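Some structures are shown below for you to check.
You will see two complexes here that share chain A, one where it goes with chain B and one where it goes with chain C.
Right after this comes the complex of A and B.
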């Protein structure tokens, strides 16, 4: 039963089915009232810079924007924990009328004196420009007074989607780049961009490279440090994982410092191996490649027996995935395939035309691809495609659960590492724990299906 | 290392808010709109506001929370969002077929001075008065907290939907309950209690089903449940109103007061009934409103609660407790903990409501030392005071956990948000039964700590 949900007029071309021909439109603003799963530009900036643990992050605006992202993400720091606080100028009516510069100035000076951060990021929210605050000038003044970099992040929510915010964050981070000493950086050195160290994933990945003999200069921004950003231009290669958020920074590093970049992913065995090989190949040293191969063989051998067990039990199950960026979607399609599962619905909040071409290619015939989707649309396809598993974030979880569908959290709030080789095993376990749970037989929709197996499956996608 | 560990001896920052004890007003309004049948909340502003609030509410309630947004662009921020508002409302109607749309403003739309009344009039004209009603509430996050946003939305619903005419013929079988921001279990319990007094209840809001629903056999555009439009419209003709929450007495005209002033339905005010004294007051009001005496089953429940107080009082006597949360909740909790022999040492809220601190002070049991009472607090301030006051126990939302960990004291989780435990929707706190539940949680937190701390590890306490 789909309760006859139709695609919202104006969104028809953002839904595509493999085999149907036609194009998939993307890179558009969300329709008002569509209940998009996307957040705003501010959110994009905040999530990208959040893991920089020794910086002060202060949100300039009324309280809402600051408070909803207070210590909810799974990005770990091996040292300072300052980033886990929520600092805000908490603008009140008085400041909305008379301006908030004074409060911002005082807030910054006091916080910097108290917490002694290495740098400060000042996020502008929707109303800051409207009330005429010159954030740039305040930042400059505070920087002079305190002697640390105080960097404005141009992130009013209405400026666009998360993607717009990613760019503003990259610009802000880039201000630090090039100010550190790179003399100690070796010839085989890389940065990991778009790796946010959720549940310690950056540490796992870093270890692979260190075992290969490659130095990781900076993970940007997972377990991030201001000084790492300052010297990251000294690395010889940038590996960009979350391409949506960090390609802009990679491009800036390429343009200004001649550091080339490659898009990689560390989700799934194939993609993780490919990423290690890509780095080895780039440096052209056969010894690196040899060690990469050793690591890949060794790590895969460790987990293969248990993965095979999962595969046996998960084979033939159908999955839907809706994630932020497209590169994760590619990896997930492959990782699911490795578990014997089929992706029947794939979507992203911020994929580009180029991303979607690639996604279309790797998907099976019949797979539906959606751009900037919403709860009703996702529910429609979950039902029509009769999926067994949904992979997404907190906002997608109730869609799956309400319909008796298993769920795997692959968002930044999660506390379980899913990247790298070990991560693949965790992923399989996460999927299996939900898909194979005995509870589903009590879910009314599953009960109805059990009584009348054809009820749900004959619905076709009419997009 | 705790999240607030890296401090230097410099003077504590005062200008910035550090780890706020409040959320924004549109969240409170959205929660209220979720409690109206067929209602879709709609935020007029940037789409991040809706997304953030959705995620926060989903994490607490574990239910679908669809909130629409007018998705302001830069042009809209400069030239006004009327066009986006109209498109947004149209798309919501198209997708969700709502019975009513609950529009809340945001800092952005308030700052640029959007003419909501005009936009809503335009909508009504476009639909020739036949469209789903739009109720709107002004909720800039630069004035007030989620708690104030909640109460404002209840008021807006009543004011904009109930005909302001004096009613002579009342439905004596029906009582209005304005419950304030309570759990789904509390809402169900309130309805049950009114039933025990022989009446039916119109609860506004009633998100007990929408935010704690059953597993579905089909997808629902809007979660089933909630107060119906019809029920709201008839509130002026019901027997009486019972309005819960101390802070409503501080308002110029609360929703209950508005109903009384405009329809003549008498409003009884009471605090959130937590603890025996406040529950007694609530049941007295319920008796007055219904003209009935307390049913035996409730007398027995009260009796068992008193018995439990007696059985456990020595375990908890004199334990020092610090409380933080929504203003109405903190006031009632302060009354409760002081009547069971705990010593409240600190009561804090993020709200800046005038008169709140005095209300808390007045609720402290005579003979118990008055606690420090801090309004407009943030968690940094709350934490700093707790480090000095050394409470034995903390009561508050999940956001208090880092402090509980740092001070190594138990945290009894009440309020919003509860993101690190399961079952926030089902946390019963109201009436004798809810008090019993809270009391057990508190006593057991003390016992568990004692047991954990003991070298011997007795299994018999």
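Right after this comes the complex of A and C.
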């Protein structure tokens, strides 16, 4: 089965096995013709800004771009739900020829009158970049007319991968920063950057900091509000979780407002604890550190007995993970290790050279590391390494299931919070439920394996 | 989430709020997946391809494979020729499909890439192996909708591949339109039961509903084969189901190979299935077997059993024109009253058809093409209905309207699984639809009726 699956020529150096030496190439565009799991710059911008719930998000382009990301991420809002609607200028042939500026202008004015949003983001798509609409001028004009901030997001898809779009999103968000009143913000205050409140995770994390006595000025962008962005420069520290998407904004806040930032993760016990300690240490108040330790002890004590149970049942199982950004991969490797599991395949869509160096360090010998992979490659390694669990997103899920392998969604379609201490327990529970599910015994490949453990790898397939 | 929608319908000149359509390329991709051993290829930015694959995966819960030209800023200035050529080379070297079906995107259309020229040159330069095929279709996202993309892919495939050998065979071509894999399976079952030799195109059964084996197949077993695609030119007739999805392909084949085209509605509901069975009967010069007669009888029986619950029930529908036309007819046939029928796909013909179907029972029916779910919602607020039918996005409307009974129907369905397992076409499909409708009504009553009003027997 696996012998006749090849790695795409030109991609050999984007696949690396720990113990083999050499370097992993990354940060390049996908090869034309590959079945890449990656998306485009527009997608990157859209997913980063969309959780700002009281803003209007309008996609300037043909209808598809607005449809495919319409409410697909579970970024929860505790208040307004405006962001969950889909607004599009639905460009038609006529506008492609004669320009879409007028239509955009009219759309914005209508929507702003109707919904009275706090601000508006206008996303440029491929075609807008090409027909040369002056989106900036339209935004400026509508801003003047309506009195709200109308912010263009420079995100034509062809500009690059999601990473390019993240940067455009950060630039757009940054336009709001510095326009709000910061006088009420206390000395122990932070922003959470790159936390999107999937399944309510931001709320859990926020509670830890509040218990410590640290004020969370803004979560960017989970459960986000325009006014929080306006005043987030008043916070004293930025904690950046999804580094791929938000490091740029953190850097801008550092450069222009002198707010330093630290990369953190809230996945897994160790990383969550480390993040709380990092904040306490930054403010240098021993009382903060004491409270952080209390929280960590208390929370870990609460879940340890059940975690141990799961660990017993999961020990020795093998996992493959393919996720968007590298920082999540680090956390997952550690979290899986805490469950007694081994990561045998780790990959990301958008990791940087420095990310992969770190990933190589924390992985076990023999772990395969891939950059910008595709279904065939993933399937190859899953079978070769006889993986028990796959962690990925929407496109990987059915592949894992076809292979008769358990799956955990650690992407934006996850339905339960996996961050923080409780999240680790949820994670263990979800992993155990899937890995130990009776269904895999019925997968023909597994049945054959059970009968004849050695024959398996010679199975033919038409890949 | 839609609580803020106001009932006062506002004039909108410019935009789409909560669309009832998506763009052409995804339809082309779905149709191409119904060809055996075919790799759909998206000639544009890589986001398009990723989006279409994800959306199809969410709907079908299956791996969906397609490749992309991965446009860059350079390609958008200088054209996508180099990208497509490299892509074709890579695809055949590594993924080894029998065929690649290229579809364009808004980006490559506006750039003006001449796809046939690029394919010809790639062939000449040896980038495409001798025994392999590359076809293309034009699917600019700013024209039509996902449904027309499907239609374009079907017509283009025929244009490239179907041939007439001069000898007509006793085979009928069946073009099912954009329906589920389970529907395609059902259409084949019915044609088989009628005793006809047929070619179904496209055929996504055993592609997007493949069994779990423990192995991953990039090209699942199903799909219309290349031999069948060529041989369609020798069939004695085409039955094209759903004018918007299938008519263009049928007419192309008629023009190209003199295969007469018969265009009928999608066989959803009683009347449209009757028309389908009759078309098969006439085509094959056969009589309808007792087995199918009985299926029909069971459907009519259930309609009469439950008819008291259907009468005058007002229904709001949104989705794709072919589906809506057949469904509206079915609702009228069981005694219900379609009140508003909305599609995002442009085209006045759709509106005319809906008005024709409802002329006797509800001349005031609102039929709108090129509209959206927001409009539908506002209209419902002023004109309450008893039932909503549409894709998954309808659930927010249903919630905002105090749990209005809602039946998922159409594409995409992102939050239920039945659509990929059970057909809605044919008499069996109509039975299932009736079950859904009655369940929706009865569940609401069982939940909301006061104690003294709860009925044991319904």
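Assorted remarks:
Just so we're on the same page, the second predicted complex is superposed on the first by the 453 of 463 C-alpha atoms of A that agree within 3 Å, B and C clash if a C-alpha of one lies under 4 Å from a C-alpha of the other, contacts with A are read in each partner's own complex, and residues count from 1 in each chain.
Just so we're on the same page, contacts are C-beta pairs under 8 Å (C-beta built on N, C-alpha and C of every residue); 3 or more make two chains touch, one makes a residue touch a chain.
Note that the structure is a prediction, hence the values are computed from the model and not measured.
In the overlay built on the shared chain, the residue A:237 is in contact with neither chain B nor chain C. Legend: residue contacts after superposition of the two complexes on their common chain; A:323 is shown touching neither chain B nor chain C.
By the touch criterion stated above, A:35 is placed in contact with chain B and with chain C alike. By the touch criterion stated above, A:107 is placed in contact with chain B and with chain C alike. Once the two complexes are overlaid on chain A, the chain A residues touched by chain B in the first and by chain C in the second are 1, 8-10, 29-43, 58, 61-72, 81-82, 84-93, 95-96, 103, 106-107, 110-111, 114-115, 125-127, 130-131, 156-160, 375-376, 379, 383, 394-395, 397-399, 401-404, 443-445, 448.
On the chain A side of its complex with chain B, the touching residues are 1-3, 5, 8-10, 29-43, 58, 61-72, 80-82, 84-93, 95-96, 103, 106-108, 110-111, 113-116, 125-127, 130-131, 156-160, 374-376, 379-380, 382-383, 393-395, 397-399, 401-404, 442-445, 447-448. Residues 1-4, 6, 10, 12-19, 21-26, 41, 44-55, 57-58, 61-73, 75-76, 83-84, 86-91, 93-95, 105-107, 110-111, 140-143, 145, 210, 212-219, 344, 374, 393, 396 of chain C are the ones that touch chain A when the two sit in their complex. Contact residues of chain A toward chain C in the complex are 1, 6, 8-10, 29-43, 58, 61-72, 81-82, 84-93, 95-96, 103-104, 106-107, 110-111, 114-115, 125-127, 129-131, 156-161, 375-376, 379, 383, 394-395, 397-399, 401-404, 443-446, 448, 459, 461-463.
The touching residues of chain B, counted against chain A in their complex, run 1-8, 10-20, 22-24, 26-27, 42, 45-56, 58-59, 62-74, 76-77, 84-85, 87-92, 94-96, 106-108, 111-112, 140-143, 145, 213-221, 380, 399, 402, 419.
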